[in-house]
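Naming follows writing order (A, B and C), and every chain is counted from residue 1.
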Amino acid sequence: MPETVRYRKERIDRGIKARSDTIYTLSSYRDMLYLLLPRFLPIAALFCLPLLMGSSYWGKVVFYSCIFALLALSWDFMASVGLVSLGQALFFGVGSYVAGSFNFYLKWPIVFTIPVATIGGALICTLLLFPVVRLRGVYFSMVTLILPLLFDHLIETLEILGGTHGLLSLTPFPNHWLAIYIAMIAVVGVLFGFRRLINEDFGLVLRGIKDDDRVVMAGGINIYWYKAQAIFIASAVGCFAGALMTHYYQFVGRSAFALDNTILPLAGAVLGGPGSFAGATLGTFILVPLSEALRGIGGLRMALYGIILIAALAVLPEGLFHYIERKYHQFERDVKI
Amino acid sequence: MEILIYGITNSVTLALMAIGFSLTFGISGLANFAHGAFFLLGGILTWIFIHQLGIPYFLSALISITLVGLLGFGLYWGLMLRLRGLAINEVIATLAAAIVIIEVLRYLGFSGFTYVLPEFVKGSVQIGESWLDYQRIFLVAIGVALIIFLYIFTHRTKIGLSFRAIAQNERTAISLGIDSDWTAALSLSFGSALAVVAGLAILPLGSIDTQMGYDILISALAVGILGGLESIPGIVIASIILGFGQIIVATFFKAQWQTVVTLAAIVIILAVKPSGILGKYKELEERV
Amino acid sequence: MAEEIILKIENLTKRFGGVTAVDHISFNICQGEFLGLVGPNGSGKTTLINLITGFVKPTSGKITYRDKEITGKAPYTIACLGISRSFQMVRTFHKLPAFKNLIVPLYSPRVKKFGGGKYGERDDIAIDLLDDLGFERDSFVPYKIAGSLPHGYLKRLDLARCMALRPDLLILDELFSGMTMSEVAATLPMIEKFNREGLTIVMAEHRLKELFRVATRIIVLNFGQKIADGPPKEAMGKEEVQKAYLGSEVEG
């Protein structure tokens, strides 16, 4: 009697998921590969990209993606505490202008302007936003929305810090490769750093504040101080991004405070999945090249981001990253019975 | 004298801009960042009705107000309802909607001197040494009337009181039979309609520019933050402060320094009393 | 035995608009006492607890803890002074494992000051504490995600969270509500033990039988006013108290 070979579907991660959730016993190289590959591959690909593209137009796009990824990561970090920023442009602009000013007026070299912009800018931003931290969350969003727009107006009408023309001819990076690899290392560093931090005790306190701030207060924790710390950390990353961009462009202007610099990271983070830092990176790395490709339609790009934002919120609130993650875990293969 | 005239006009203008946003926020806790966009949209729709479809002014105005009001309502039902409860998403969604509206309008080119709304009343009158447009008087009249009406509405009528009930304690209000979803949607459409009314009063004084979508929002937010978002008296006070402050600075210093006034006011109020001059937000909400 | 007064409440009043939730209440709590706080629903127990722990600011009155005035201070400041409270509605971090729920008090300045809040040690301290409270370490219960635990466990988790703060004064707001008889029977001895070891405890409760077994003093509230203050039998025997609980239709 002929034997019919029958197959059934089995999830590839059967066994691995159960084992790796609680205790890490990976019993074979294949298991390890399954877990490590999705983490390793994108990073490796990322680092190879500049080599392929050089300083061509698309090489620049990679750089921009990194910058916006940093802004998106900064947004995501604050969102983990429950602070929804509608003004990443504030961090970006402050960082840009601090770096640009120190370079333009005091002739400080890049090596100094960037750290000063990161820390000093973070201090400025934290001081600006700290008072609102005590109020309802919406206030925070409103103030972050309004501040960069006001600074934009201010610079334009008062003709300070270069006014409408901006500060020109700033010191560039010694070479293009340096700039882009610094940006990449920063993205990867911040990405994994934030992931680690948010799962450490400090991060758990932050997430607790978002989840239920009353219980956290009953436990003796000053939630406002922790929110301020979160703002400081996030704004440092944002200011750093601004400083990098300034020196890459060799220019800083009021466009640093423009709404674009808020919406793009926001759309990227929401598209990729709020709360998952990898999602923020993924989202921006999709949107920035897309935006560059659509340069032709000019201002409509912003409208597009808006639509993507709404669509992501309504249709895929968990974000692309978690969606892909789920599907990855659900891969099936045929197994002989 | 001129300072008084322009000061009053500016103050009422600011108040008009802020009132729609404040109402929606005060009632349903929803920060409608598309406020400026609706202002703009209302103006443009009216222009289209008048100039391209030949519909008389009154009717156009009425249709615009209704349409945008409906749009606000639709925005709530279509979008917010799916997102309610997750504060993060509400806030982002209105901003996203605002951007879509404004940028599409910008792309379609609705800016410039051709886009002017007709004045409600033409002509001007001479007071002392200066000329005063009737439109400005009309604006002030509408503004004051609207503010008084809204105050009475929210403090005396049944609907208004139910609005405030929801704002104060949603759960209790629901258990008393007030449908919070309908009320929130209504508040959104109310606020949007108010934005258009404000636009119809203010826009004839200048020309339409899509950038207004953002500028109006900034002004509304500034007034709200300064005066306390939930209180109508607060808005009045903040508008007066900002309105006169801006005019005084423009007259005695440079005209461009108006923004400095706004920014300084915000920074100061945040440092001194973040919830606004008459803000009712206690710093620690009693939510145990 | 010299009884040291640690908490002084003087003429405390809280009005919410037209409603007076707490009406000119005064009493003192001594070191080591086990105080029961009872009263019908809406009598102001939770509001009183909120006032003491800083979650609600009083309309008038004064609260002093160990000679420090704490009226209207922020909840986290009061918590760091050693006053820990549980919540009537279960508030745990559902997505975290049980032992990680204790991270917040263990991370607080108070515990850091007492020592034992160093990196890595916190997890062990948390597991030990949970084990003491009935979360069997060997069955890996402390590692379970909080959201998957039954209600009785969550209530005990709240208790653990309070104890993790190394409190000086423990205030429990209806801890036993929603717990089964056996869970209450298991938890009560633990609380007694804490009291014997020197912890001052205030328990707001509806389950009077269990409460009267351990509490040495009862305060009865009704419509925000204190209507009785004394040993359990005496306090509950008062006519006013009977009327409050049973309604005035009940005879003698």
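Basically, contacts are C-beta pairs under 8 Å (C-beta built on N, C-alpha and C of every residue); 3 or more make two chains touch, one makes a residue touch a chain.
What you are looking at is a predicted structure, and each value in this text was computed from that prediction instead of being measured.
Farthest chain from chain C, judged by C-alpha centroids: B. C-beta contact counts were set side by side for A-B and A-C; A-B has more. Measuring from the average of all protein CA coordinates, the nearest chain centre is that of A. Centre-to-centre spacing of chain B and chain C amounts to 47 Å, using the average Cα coordinate of each chain. Between chain A and chain B, the centres computed from C-alpha atoms are 33 Å apart. Centre-to-centre separation between chain A and chain C, using Cα means, comes to 42 Å. Looking at chain C, one finds that residues 55, 74-75, 87 touch two or more other chains.
Within chain B, residues 284, 288 each touch two or more of the remaining chains. Of all residues in chain A, those that touch two or more other chains are 214. Residues 53, 55, 74-77, 79-80, 84-85, 87, 91-93, 96, 100, 103-111, 119, 122, 143, 161, 164-165 of chain C are the ones that touch chain A when the two sit in their complex. Interface residues of chain A facing chain C in the complex, by the touch rule stated above, are 22, 201-202, 204-205, 207-208, 211-212, 214-223. Residues of chain A touching chain B in their complex: 79, 84, 86, 128, 131-132, 134-139, 141-143, 145-147, 149-151, 153-154, 157-158, 214, 259, 263, 266, 270, 274, 297-300, 302-303, 305-307, 309-310, 313-314, 317. If you check the complex, the residues on chain B that touch chain A are 25, 29, 31, 33, 79, 82-83, 86-89, 91-93, 95-100, 103-104, 106-107, 214, 217-218, 221-222, 224-225, 256-260, 262-263, 266-267, 270-271, 274-275, 281, 283-285, 287-288.
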